[in-house]
Amino acid sequence: MNVIALLTDFGTKDGFVGAVKGVISTINPSVNIIDISHEVSSFDILEGSIILSSVYKYFPEGTIFVTVIDPGVGTERKPVVVQTERYFFVAPDNGVLTLPLKEQKIKKIVEIKNRGLLLPRDSETFHGRDIFAPVAAYISRGVPLGMIGDEIKDLKKVDFPEPVIKDKFMEGEIIKFDKFGNGITNIKEIPPYDEIYIKDITIKKIVKSFLEGEKNSLNMIKGSFGFYEIFVPEESAKDRYSLKKGEKIKIKLKR
Amino acid sequence: MNVIALLTDFGTKDGFVGAVKGVISTINPSVNIIDISHEVSSFDILEGSIILSSVYKYFPEGTIFVTVIDPGVGTERKPVVVQTERYFFVAPDNGVLTLPLKEQKIKKIVEIKNRGLLLPRDSETFHGRDIFAPVAAYISRGVPLGMIGDEIKDLKKVDFPEPVIKDKFMEGEIIKFDKFGNGITNIKEIPPYDEIYIKDITIKKIVKSFLEGEKNSLNMIKGSFGFYEIFVPEESAKDRYSLKKGEKIKIKLKR
Amino acid sequence: MNVIALLTDFGTKDGFVGAVKGVISTINPSVNIIDISHEVSSFDILEGSIILSSVYKYFPEGTIFVTVIDPGVGTERKPVVVQTERYFFVAPDNGVLTLPLKEQKIKKIVEIKNRGLLLPRDSETFHGRDIFAPVAAYISRGVPLGMIGDEIKDLKKVDFPEPVIKDKFMEGEIIKFDKFGNGITNIKEIPPYDEIYIKDITIKKIVKSFLEGEKNSLNMIKGSFGFYEIFVPEESAKDRYSLKKGEKIKIKLKR
């Protein structure tokens, strides 16, 4: 059974996701639809790209990822399908696929052109339902990319804020918070250091499990998606220390 | 594979929806259950009706819609099944089906009576689980409506606030907001006009895609469910202009 | 088709649940995954146990419940599988299974040990994805418990606050609120009484359906999960009377 996995900023209240699933089930009744998230912050392409890159590799080979964070819906930004060695990605060409594609070998990119596969529409505000959902459903039924549109070579990119090294410091930042109030940073490796701090507060410990962290204090841990995370044991670091997205983490390097 | 689509005001925290799906899966393990929304505002029958009418037609023929916004649960309001030319609707008879049924030909309405199909219960607070879920599951297995209950002829209606024309004005209103803070109005067609405003703020443009709208200003667009929507590009119109449900949109007609 | 039912405190924004479902679908593409809730309050083992005990019995025989409320992830708390006469439960051994297991006959408990069934990992923060998801998927494919780990005899327990009788009073409390703002109490039976009150406010009526309750007042009803609930008709009792979790309900017993 094929899988179509959905990632959007649609929220779950308005029925948008239901309409998308209805369209998919009409075209391919036996496909397995899995929600990654519909709570991406509205229009936040980078956040969508981060979430997608953190989960896609856990899905079965052949999964079709439909990723609709699409502030430019209805403008000339292209709807595309990207085929990699293991997966398909259906999305607007606005950079949202940047991070997951960094780690994969791209086999083919097509711009969606074949109107015969799409829903007829008199509004250009819901391409998730009218374009991306039916195309994903037809791919799950085996329709080849050549029938969907013309091959293109390049995709828009979104900038990921990489850590920088200045003087004797490495400086990273919080790129998102999770539901527990842990601050996910952009740091994948920590070099030998003298001290790490955020907002002038020293990180107490770097640990292997949350409960080893020092209570009522900031700690760090290598998180499940490969980035270091800032946390307070059994509390929200975000709330306790009023942390914000973009907050800098300073690592004073060992001399 | 049959589809059962769920629309409720149950929220997703308490496990109510899980219980409903458990009941359905026990009776019909191979049915495909799709969530439309469980975040309808508590007891808001009109909102449920609006959401259902905006999505049902995207579902495959034969879909069974279970719609439980049910402030009168346990009172004498009737549990019903409505069969139309393409679909089944299982719901309390409180008006929630008004808008989707307006556009469809009704074939049969029955009041659910057959206790043998229902869960035994010693509480009258959760008919979603005890009545509507098992009935939907049995319909998905092919149980005919005649075995579910007695035919009835009429259903309760909910009032939809239609736009009105007074003097030289057409007056509509915001009937709901979506997740992006766009205000969905009750207006399907805009006649020739001199000016459109809301709270004394003039609508700048009527456009075909969100990004064509004038930034930091109110604009209108024909939305994906057939109604005009009030929006600010890449922002929440609701938050920026403190709009409320019921807020009037005034269209000064061209003379 | 087997069912795997998920109950976590992961939230639905970050993609955690998507990763769990991806892992399950990779191992068993044809299993039916049902969400109970992912909105359990962070780290709240008792709340998770209450929700699970209120819904599990509505699921088909053979359902595998994956319950990950796991503040101690990565510490020496054991990951376990419990087989009862009808179901399987996969969870950390931290008490979260206490309430559902109270009512069932346990056939076998194993501590998950077989690393060959788990995902390779270099972080100890996401056992839902790396340990519990694959084990549940293998059980759904028929892998016997003997291949998963060694039998153990005891499980951690969580304390459920039972009502107490003091002097001429029975005293219960609110153990959780539902989405409608109803206060679920720990009271299953009300003995003959003179008066019931909460925060010095007298409960007006005990009724069989919500709309029979006295408007703008506190009422009680036997809820769908077997506990009495405090409510205000078509309003949130929680908001209207600023009720809190743990708030005491005093029942003055008839003499």
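The chains carry the letters A, B and C, assigned in the order they are written, with residues numbered from 1 in each.
As a working rule, a residue touches a chain if its C-beta (ideal position, glycine included) is under 8 Å from a C-beta of that chain, and two chains touch if they have at least 3 such contacts.
As the structure is a prediction and not an experimental result, all values here were calculated from the model.
Undergrad: Are the two sides of the chain A and chain B contact the same residues or different ones, given that same means over half of the numbers occur on both copies?
TA: Here the answer is different, because the shared fraction of interface numbers falls below one half.
Undergrad: Between 0 and 180 degrees, and as a multiple of 5, what angle does the rotation take that fits chain A onto chain C by Cα atoms?
TA: When the C-alpha atoms are superposed, chain A turns by 120 degrees onto chain C.
Undergrad: Report, in whole Å, the distance between the mean C-alpha point of chain A and the mean C-alpha point of chain B.
TA: 30
Undergrad: Send over the residues of chain A in touch with two or more other chains.
TA: Counting only residues that touch two or more other chains, chain A contributes 12.
Undergrad: Under the touch definition given earlier, write down the residues of chain A that touch chain C in their complex.
TA: 1, 3, 5, 7, 12, 32, 34-40, 51-52, 54-56, 58-60, 63, 176, 178-181, 208-212, 221-224, 226, 229, 234, 236
Undergrad: Which part of chain B faces chain C closely enough to touch in the complex?
TA: 9-19, 21-23, 25-26, 29-30, 33, 42-43, 71-75, 121-126, 129-130
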